[in-house]
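Just below is one structure, and these are the notes that go with it.
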């Protein structure tokens, strides 16, 4: 449901246009010094806004107004974790449900509006409610704490955008995205993530393989359509004699001590002017997915500590 | 660890060259008539042997000798489930650990031999022990029961091999595989799986998205290196205006009532003559992975019933 | 850790003298009308204050000042549940950590102060922190929602105090408690709980027996030292021929359709003037435990719906 | 359902008159030397038979014929655990379902026969099927392994019968039980269990309190009607000033380093000649419950290691 993990158990809550979104992270050991500034920076990355307040190319200008002030309710005293659940909320300022009044009776194509109503019989139509990508802000906060615990153990997670449409030259991503936006359209992207310093032996051999848990974590992100690691899908054309030695950092479900590399693909947003949706949306959601991929990877890895 | 799922909880056990492998499937409702013949057929598919006892191209002749007689220990009375745990074993006939004596001191490239020893400090070197693909026989038995419950509800799962190396014409798969085998080499393949009849509303919106659970189930299969659904990785080059309407059967983590389509890729086996491993191995493990993909898909779906 | 249940998953958070306590209840079906007034009444019962604001005998006057205004953050729209996680907080007004400064260096006898510090290496000394009985307010809120779902299904839970010290006449409880208080001492009590209307078949036959889950839920309440149902401990002196027919509402771990009756015992609070603890404490904590027993019973039962 | 614990996950299976009963214990660390003789002794205690093959007073002579030969299927190589799931079975020799033919159409008073049929719609009437106390043999095997891991860490569990009917003098237990048997009747008993050497800090402060988990484990044993620790139910008559210092080994849900003492009560068996049930049954099931209490305690404690 809305709980991720059983060792570091993260519960996410909140509708995008309700009072607040937030989460509870249970299982964090006592004594961890939380770097709040780092978590704020992660939230800015997720918003698609640089430190100087400049909007990253392709990100909707609406992002700048998205509230991101974290209120820490429990589990931390004088900046240090107590070993008790860490609860936090981000209030939804300026929630204007009336902007979404039209959604009360409309199902957007490519969105979960219709299945939600079919599943629950009731739906919070205000801005996508729980299905809104706004929920990922809570993941980034919790993931930020997880990342800090991992860094303490010298485990580093670094994701980046490696493809936008057919383009694989990062220097040209902004240009490509701008062109799709101008056209009132949107485009997909591929995010690559590298994990360094993970101790040998992380993961379990049968069902709880490390790659299975990473795939689960990443595939739970909105708009993600695929996950691969090591030789991935492209490796299918290569004979064993050529690619046997490429492990992608995992052997038999267990980390082998080398760098782990995986990739995941994000589809274009369906909410575009071309599709008849008013307002300015992200032309390439993969851009803002990068810190969310890192956050979910961190939340997945801490389960194995 | 060795338990999959919490509603239909499947525990797998057994070393490939110990006394037996087997499993316990807990949570199966009372009153299900088990079709034992169907389960035996699934096991044959996994062995790569046709009903007539003919070996499928590319499958190692050793497969024919692999024991597959299921002994049902509990949970079933007169062919009907009792609502109690269903335990079964498959005895390992003709276990000849001496054949594997050389593995006591050797770590095979591309296998989990080394990480196992690093993780556990001890290793069952007899034929790969628990990491052996033989373990998937238990999955096929449990998955067969899950499939029968799904069929009762008119939910159908059908996987097939759609690519071998660069070849996408099924008529030519045998030929391609035979060529790699002749060369003492191996090759990867892509399996596509379709799910029909799944009711709208299956899956949960945030972490427990249907696609995340399917990815988790499939990525737990040995040699699987990637999972994608709907537009997948190839969709990255298409603009939103073209592919918005392709859901792959899932919207916002919840089934939308249309057919679900996903693909997964299997790497070539690293144990080949070219790599210096004696004995005849599968030239394309994706062939025998097909029923395992179906089994894991079934075990994943029954968790949502 | 701080999560109770897996179907209706309740996460509790908050230190007694931090910013707020609260909880997240995940798994509540969509469409339940929440009666907020009823939940407020349950909180008053837990405070030991009547509707008219009068303090129940034996309850510390400090209870009256305890804040109990619930702020609903998510999961409810226009008083109806959305099927998404219900998050709520109760702010800790007037938190005066300086009152507890002395606890920084003192471990109270009969309290968890010392083991907390041994376990976590760090401790929130402000009023008992997480170990404070204040945490049970969150249980009462979540339990109140669970009770409403149960009532909808005509399942009723009713607990009451049936013994204080050696006294079993409810008319005399106030008098007995007052005497202990006057003496600067405290006394234990027994709470009896009855469940009506539970459908036959609730509970699982082996480990997840209904009585095992009820015991788990109730024994997780502060100061509870024992749980019994049906013939209980006193039944030990009776032969089978006399008591065979008394099931206590459960047979083989499964409800049999008759009323379920269980009892639990609460020890006296160790924080008394006689024990050298300043301030006015409850002379009999069992009084205020009654609604908490109901809440935990409700949270336990909804897992089986 | 039939799984106990999530760190050391124990799955129990098997009908009392099916092919076999057994279990799978997952999560046992690699490298533990299993003392098989000790496990056999535990099984003898559970059967109520001394090392010399003499039946303990009050135990049904049928017990002597109960098969108890453990067949180890996996997870152990040369007497040492591999870190993989340990599966074992005990075959049901001489299963004579015809002896139970009369149960096909009869529901025994005080037994789960009727609720099983109501819950599942189907019932294995052969000797109580899954509800039979025979299932506890699997618990004793798994618990024996858990005990050995605990002993390695110098944690000792010792249970004993401390009361039979109104009698608290162990020297007279045999006499009391014999009298009830002679009368065709049965009687209850109280088992006391002591845990020595448990490190400070075991248990979690809120829901997963150590006492809650011990209660859950013990209350899952057939015929157990109550659990108490420390001052228990009798403590209700004592003022705080007298009993504050008695912790029972647990403070705030966490072990405090002193000996843990708990008691549990077992009702008399309802299957007696006096109640019209043919055959010889145990006159006091508490006798044979002693090693089962130890086994469940061990299985509960290993979850916290």
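Letters A, B, C and D name the chains as they come in the text, with residue numbers starting at 1 for each one.
The rule is short, and it goes like this: contacts are C-beta pairs under 8 Å (C-beta built on N, C-alpha and C of every residue); 3 or more make two chains touch, one makes a residue touch a chain.
Note that the coordinates shown come from a computational prediction; the quantities given were computed from them, not determined experimentally.
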{"item": "Relative orientation of copies chain A and chain B, as a Cα rotation angle in degrees, nearest 5", "value": "180"}
{"item": "Centroid-based (C-alpha) most distant chain relative to chain C", "value": "B"}
{"item": "Euclidean distance of C-alpha centroids - chain C vs chain D, Å", "value": "29"}
{"item": "Mean-CA-position distance for chain C and chain A (Å)", "value": "38"}
{"item": "Touching two or more other chains - residue numbers and ranges from chain C", "value": "1-3, 12, 84, 119, 130, 205"}
{"item": "Contacting residues of chain A [partner chain C, same complex]", "value": "1-3, 9, 11-15, 18-22, 24, 26-27, 30-31, 71-75, 77, 80, 82-87, 89, 119-124, 129-130"}
{"item": "Residues on chain C engaged by chain D in the complex (per definition of touch)", "value": "1-4, 12, 109-112, 114-116, 118-119, 130-131, 135, 163, 165-166, 180, 183, 185-190, 200-201, 204-209, 211-213, 215-217, 219-220, 222, 224-233, 235-241, 243-245, 247-248, 251-256, 265, 267-270, 272, 274-275"}
